[in-house]
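For reference, chains read A, B, C and D in written order, and residue numbers begin at 1 within each chain.
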Amino acid sequence: MTPLAGYLLLSAFLFAIGLAGALTRRNAIIVLIGIELMLNAANLNFIAFWRYGANPEALTGIMFVIFAIAVAAAEAAVGLALIIAIYRHYKTTNVDEVNILKG
Amino acid sequence: MTLPFAIIAVLIVAAASAAMTLRNLVHSALAVAVAFGGLALAYLYLDAQFVGLAQILVYVGAVAILIVFAVLLTRGGEAPEKSIFSATWFWGLLITVAVFATLAWCVMHSFASKREPADKVEVTVKQIGDALMTKFVLPLEVIGLLLTAALIGAVIIAMREEKK
Amino acid sequence: MTESLDQIFVTLKHWLLSGFENLLKWLEVAPPDWLMPLVSMVLSLAPILMVFPALFAITTVLERKGLGRIQNRYGPNRVGPFGFLQFAADGIKAIIKEDLVPRAADKIFHFIAPVILVITAFTVYAVLPFGRNMVAVDLDAGLLFFFAVGAASELAVFMAGWSSRNKYALLGAMRAVAQMVSYEIPLILSSVAVVMITGTLSLTKIVEAQSTHAGLLPDWFVFTPWGFMGFALFMIAANAELNRSPFDLPEGESEIIAGYFIEYSGFKFALFFLSEYLSMFALSGLGITLFLGGWNAPFAVLDFIPSWAWFFAKLLALIFLFIWTRGTLPRLRQDQLMNLAWKFMIPMVLVNLVAAALWHFTGPGWMRWLSSGALVVGAYMLLGKPQFESKDIGKRTYRFAD
Amino acid sequence: MLGKGIIKGMAETARNFLGSYVSAERLTTVQYPEQRIPQIEKARQFPFLVFDGDDPMKGLRCVACQICEKECPPKCIYIVKSKDKRVDYKGQMQLYPATFDIDLSVCMSCQICVEVCPFESIKMDTAYELSTTDRFGGLMVNKHQLAKSNEHYRHIHPTDAAASDAALAVEVAKAQAKAKADIEAKAKAAAEAKAKAAVITPVAPKPVAAT
């Protein structure tokens, strides 16, 4: 079996990819995808910790991931609705241009 | 490091990197769907059958579709002419590298990361259902409320404003 | 005798498996430990990969003949006896046709979209029990697996439509995806009622739960108020999920020509049809498993007929039901489609869940028939009335030109 | 109640489905190569050229006036006039078509060529099984293929043929009367000339061809 470190490193790398996308891309949808990837990286951590944990019978990791998936779905729905609303208003999804609140 | 894990890891990393770097938004969305599928495979490989299938159902079946719809509704189907990276990409990348370095350092130096797993864990759907209805019933109700709120909220936000 | 006939395919598989093992022993080859499970898997999957495409071939002919008869035509009757070899002619034509790819198309996605569709259509068969002990993979979360893999096909449909770079294809794909997402909810929720009663997601256990007989009727869920309503809703949602008439808006010939597969030709076009029919058989099989007692015989006296024969008999009956509705109902409008999903189907399946719970907790007796039945019928009347009551527009009058 | 219409419709289609096996008159489809519906008398497919007598080429009524060629909407008729003249059915010296081609793959069966022909020489045929494996030359027919006898025309369109024959008979009678009058006039003129000049011998009259 792969040691736990393998999963943790994979998860950390996935998190980094998501973070990089969220921080460097212009398009709001890609930013949202990056955030989703970060959430998924966290989920992978939960599952890995549950599997390698002391008592997997407690199901804590699995429960956390199930709730995280539900929250992520809600987040995606609201986030994309926001992006569509912003697009209607400004005719752009570029996060660099939507800066009207900037002082 | 076993072969299935290596394949899954390469799949996830390649698909996620593609999703973050491709110019065309639809390509990004489809690549991220592959990444979600790879994560589902990872969950299945870790004996979390229910979560893996739920991951496919929710992420590939719903979230990816939602992203694709959003891309098309915001006319993002064609690759943009100008740069796809934001003006502050350098700082973003720097922060990312710092975060990854920190995480990787923590993982490598953690006592937990050398741990070997227990033997095959069998989690039946019934166990999960029982847990959801007993120990985790409050979070379940809260999630139900949250999803309803998100549903209504998303509809209201995305609804076309009435022209007066 | 009946026992051996019932298990003939299971016995055959074990016989082949042991034969292979003996062959390896005779050749003095030590098999690696992954080989035998792999061979076992192949022996389970190979029949699925052969039987259902064959059923697809026969169904295309039967559908065309049946639709013809419904419209008082003969249907295909030229190739082979009574036209039953029409599928061979169609297949040869599809294979030898030129495979056109639009110049502007996204070549990779244009290629893999039909492949993914067919793969997902085949994958769902892994968890369907075709007979006693006849299931490729007995997953604990079989039903979830079915819906998860089925959901992946939506993305393939979108890929096909988007990568064609054709307005009709994109419109068709958007319609198809919107429709499939909307109708997936009633499809899953109507199955959840069965999961609530049986307390398992394993399809084999769901079939076993329906194997008893209560008096004259078997204990199939379709013979309960909530089960009947659930089955009806399941079939309507399945019809929509399959983009078949009357829910064939994504490929409405009169508006958007062929929808998302407009830019496909030759063998790839045939793959779209293959996946559509495979999904139809799979969803019919799921409906049989969930509501129609799976491979169980309807009466105890008919138990001598093998279980797999019952499964396929029921499958053919449901296929005929699909053909019959296709030959009867005209296509819906987009707003009617969405109204039906969100204003009727989804409230109805939610009420159906309550009815199933009532059935479960009232305990045996006439009370549960009454309570559950009254709830289902009342909700049906109430929900059906405002949306779909046809307005009285009077008798149609004709005026002819003089 | 919701669903009543669906059940009604399903019952109707079920009746059709079962009925088509019971009663033959529900199935109105004609199994074509084996069964055929007789064509109605007015049926028309593609034009042909009428000839009289036994020799198709000699008896062609067409005088290569090219009216049909000019009137044809899809321009599928191609006519080349002959260099010499020959005697036609009315007994007059006329041109005849050296080439008369119709591209049947272009022809739209509008019958305008028939309407405009002053010589009753082009008519509509009823043959329709003209499929060929050569899509360029296969449906390009020349005058040898187009020529069909008047008997054939009488056979496929009896009423029209009778009218056509009557019209032709009138034409021929007129032409003969005219020829006769011409001869008489010529004879008279000759006689007068003879009487006047009494030296010039009269010209021999032309031979008269009749149908």
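Going forward, contacts are C-beta pairs under 8 Å (C-beta built on N, C-alpha and C of every residue); 3 or more make two chains touch, one makes a residue touch a chain.
Keep in mind that what you see is a predicted model, and the values were worked out from it rather than measured.
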Going by the contact rule set out at the top, which chains touch both chain C and chain D? none
Which chain wins if you rank chains by how close their C-alpha centre is to the centre of all protein C-alpha atoms? C
Compare the CA centroid of chain B with every other chain's and tell me the farthest one. D
What pair of chains has the most C-beta pairs in contact? A-B
Intercentroid distance (Cα basis), chain D paired with chain B, Å: 78
Provide the C-alpha centroid distance between chain A and chain B, rounded to the nearest whole angstrom. 5
Distance between chain centroids, defined by C-alpha means - chain B, chain C (Å): 29
Taking each chain's centre as its mean C-alpha position, how far apart are chain A and chain C in Å? 34
Graph class of chain-chain contacts, one of line, ring, star, complete, other: line
Pairwise, which chains touch? A-B, B-C, C-D
The residues of chain C that touch chain B in their complex are 109, 139-141, 144-145, 147-152, 154-155, 158-159, 162, 170, 174, 177, 181, 184, 199-202
In the complex formed with chain B, which residues of chain A make contact? 1-10, 12-27, 29-30, 32-34, 36-37, 40, 43-44, 47-48, 50-52, 56-57, 59, 61-63, 65-67, 69-78, 80-85, 87-88, 93, 95-96
Sites on chain B touched by chain C in the complex: 26, 30, 33, 37, 40, 49-50, 53-54, 56-57, 60-62, 64-65, 68-69, 72, 77, 124-126, 129
Counting only contacts in the complex, chain C reaches chain D at residues 66, 69-74, 324-325, 327-329, 344, 380-381, 384-385, 388-390
Touching residues on chain D, where the partner in the complex is chain C: 1-3, 5-6, 9-10, 12-14, 16-17, 19-21, 26-29, 31
